[in-house]
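Supplied in structure tokens, the structure appears directly below.
Letters A, B, C and D mark the chains in the order given here, with residues in each chain numbered from 1 onward.
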Amino acid sequence: MTVSSVGVLLAATLLAASLQTVAEEDAPYPAAAMQRSFEAKKQAGMDRLTQDEVQALCTRYTTATLPPAEAERVQKQSLSSVKPPADGQYLGDFKRGEKIAQTGTGLQSSDDPTKPNGGNCYACHQLAASELAYGTLGPSLQHYGKLRGQTPAALEAAWRKLYNSQADVPCSNMPRFGHQKILDEQQLKDLMALLFDPNSPVNQ
Amino acid sequence: MNTRFAARLLYTMLASGTLLLAGAVRADTSTQDAIAEYREMFGDDNPAELWQARGEALWHEARGPQKANLEACDLGLGPGVIAGAYAQLPRWFADTGQVQDLETRLVTCVTSLQGIPRDDFLKVKFGDGEKKSELEALTAYVVAASRGKPLTLPLKHPAEQAAFDLGKAVFRYRAGPHDFACATCHGEPGKRIRLQELPQLNTALGAREAYTHWPAYRISQGELRSMEWRLQDCFRQQRLPQLKFGSEVAIGLTMYLAKTAEGGVLAAPGIKR
Amino acid sequence: MSDPMRIRAVANGDKVEVKILMSHVMETGQRKDADGAVVPAHYIVKVVGTCNGREVLSADWGPSVSKNPYLSFRFKGGAKGDKVKITWTDTAGEQRSDEVSVG
Amino acid sequence: MSLARRTFLLRLGHTGLAALTLASGLLPRFARAEEARPAFMATAVADALKALGVGNPAKSDAISFKAPDIAENGAAVPVEVESTLPKTRSILLLVEKNPHVMSASFQFREGTDPYVATRVKVAESSVIHAVVTTDDGAFYTTRLVKVTLGGCGG
């Protein structure tokens, strides 16, 4: 067997492998079955089953398998949705922020729609050292502000992440809290304070 | 930079990194040990037994317009065979022409053998305190009769394969205001939500860990919960509308989880937080 | 109507070990249901255990004993075949007794 | 009686027994039961013990009290108490941070081990008291149980 034929074989194998990956990503698309299998309940209407472009892409791909061109598009489009705070002030009240981070309710059919939504940050992230019951789906955010300081770049980056995580990491698992209107501007500021305020439990 | 120096530097970095990591793991371990101690203290005294006993009584009691019991119910292994039946569900049933999970099959038996209307039987699908669910009691009874049996799902019928394929696709379907899919929380190994370990349900190991212990007594609710409840409640927390009982997606996801967990030995009903 | 208890009574040396699971909602009167209505209090207030009619344990409970209560205790002077009977009374005035033979 | 009234009366229980006694003519059966058991209406450990006629208990190492350091769920916290004190009459379980502190009391007859295992509700992280009454007075020990939030939080 010649060197070039080995090369061809190798390329063919690689191609086959990559095709296989794509084929697996393209499993039967469940949108129609989803519509048939659910019913609206209170605030959780059937419209919630309809995917936006990012959701559809991130159903098909993960951050690791998303083609680079698509990744760039998602990132750009998401970045354009990020609205900085109207008054230019990033930091609210860290005590309110802690409460938002601890609250897991909001937007479920079982939740009271007149109550403010929670951020449920502790479900996925370590924040204040005193809270033992933290999840590990996302990275630890302990000492977030202490490690970074309140530089404009750090503040902007955190705001962007909270507002629309897809602007940072396409197909991130983190909800788009600002873009999807899960949290309002004041709540996002309060979470920013939880992350950055030197007196916040996160930075002790 | 000479190689030896580089190697030493790398070694130092690794060592310090390892130390840091070890510290973090240690802090975590004490919490996890305490949680393990909490779980151990429940021992074998699982209130799920109360549901099993109620289910057993219901199974043998002549009820409904036809004053019949459920002893002729065919759960896939022939009329009246309960032992091991849950280990081979969901499956395709010729008499209904459908892939059915345990709960929808029990509905078939109750309606056809006892003549109880479906809606009457399903009035309390999921129990809540004084409102007790007959379905959950029967489920507990049948499931317990498969303890120690390995999950076996050959998917010989094309409809079974189709259910599996649908479930697999739904597992990754991101939607709703939070962009959640099943895979968001159950697609990676070794993760936790708050203090609860998240089984990676698209692997045999994770699916076995989870599936073999469901249905389960949920301490938080003081209720025995079925797989249909488990899936419906996951979608509630995903912020999606309500999953319909016995729907394509409910059966598909159950099939996907059961098949992925194939070979796992059933230990249900379990006891969960 | 209440469901039967699950009672295990096993002779172990000179002692009988009793383990009980009771089916009861143990509503505190502080919980709200899905529609926001307060679920009225309903819980076991008294538990009595006897062996062949002789009282071995009595307990007074408040609403903070867990739902579907678990109780375990041990006593001397029992043997295989003896009848262990457990009786509970709740806030609604309902009383339930179940009996097993010591195994 | 309306549910609202019933709730109102239950709430009253938190603020004082006097108010409850005044309204006793209107009380549902269970609340009348609690009127006869003032310890179960107490909101502080000392008050509950006083209502039971248990004088200042002394701290004791002769009580083995097993409870988890962390409860994954406060709805059921397994507890196990065993006394090696002579002539033990009863074991009491009190949860300091619960709306009503008194959880359960167990009275032992001649020949019954001074031992009990059960599961209690713990509303939030709290000290739990195991009080043992004997012919020679009352003794106690405590355990701190941290109650954690779990799962998806909703």
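In this section, a contact is a pair of C-beta atoms (placed from the backbone, for glycine too) under 8 Å apart; a residue touches a chain by one contact, two chains touch by 3 or more.
Note that this is a predicted model, so its numbers are computed, not measured.
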{"item": "Central chain (by mean CA position)", "value": "B"}
{"item": "Contact-richer chain pair [A-D vs A-B]", "value": "A-B"}
{"item": "For chain A paired with chain D, centre-to-centre distance based on mean C-alpha positions, whole Å", "value": "44"}
{"item": "Chain B and chain C, separation of their C-alpha mean positions in angstrom", "value": "30"}
{"item": "Euclidean distance of C-alpha centroids - chain A vs chain C, Å", "value": "49"}
{"item": "Touching two or more other chains - residue numbers and ranges from chain A", "value": "108, 110, 122-123, 132-133"}
{"item": "Where chain B touches two or more other chains at once, by residue number", "value": "31, 193-195, 222, 236-237"}
{"item": "Shared-contact residues (touching 2 or more other chains) in chain C", "value": "26, 34, 42, 66-67, 70, 72"}
{"item": "Touch-based graph of the chains, sorted into line, ring, star, complete or other", "value": "other"}
{"item": "Pairs of chains satisfying the touch condition", "value": "A-B, A-D, B-C, B-D, C-D"}
{"item": "Contacting residues of chain D [partner chain C, same complex]", "value": "3, 6-7, 10, 28-31, 33, 37, 40, 75-78, 95, 98-100, 102-109, 111-113, 115-122"}
{"item": "Interfacial residue positions of chain D with respect to chain A in the complex", "value": "70, 146, 148-150, 152-154"}
{"item": "Chain C - residues contacting chain B, complex", "value": "3-4, 6, 19, 21, 23, 25-27, 33-34, 39, 42, 66-68, 70, 72"}
{"item": "Complex contacts: residues of chain B adjacent to chain A", "value": "31, 165-166, 168-170, 172-181, 184-185, 187-188, 190-195, 198, 235-237, 239-244, 247-250, 252"}
{"item": "Residues on chain B engaged by chain D in the complex (per definition of touch)", "value": "31, 34-35, 37-39, 41-42, 193-196, 219-222, 236-237, 273"}
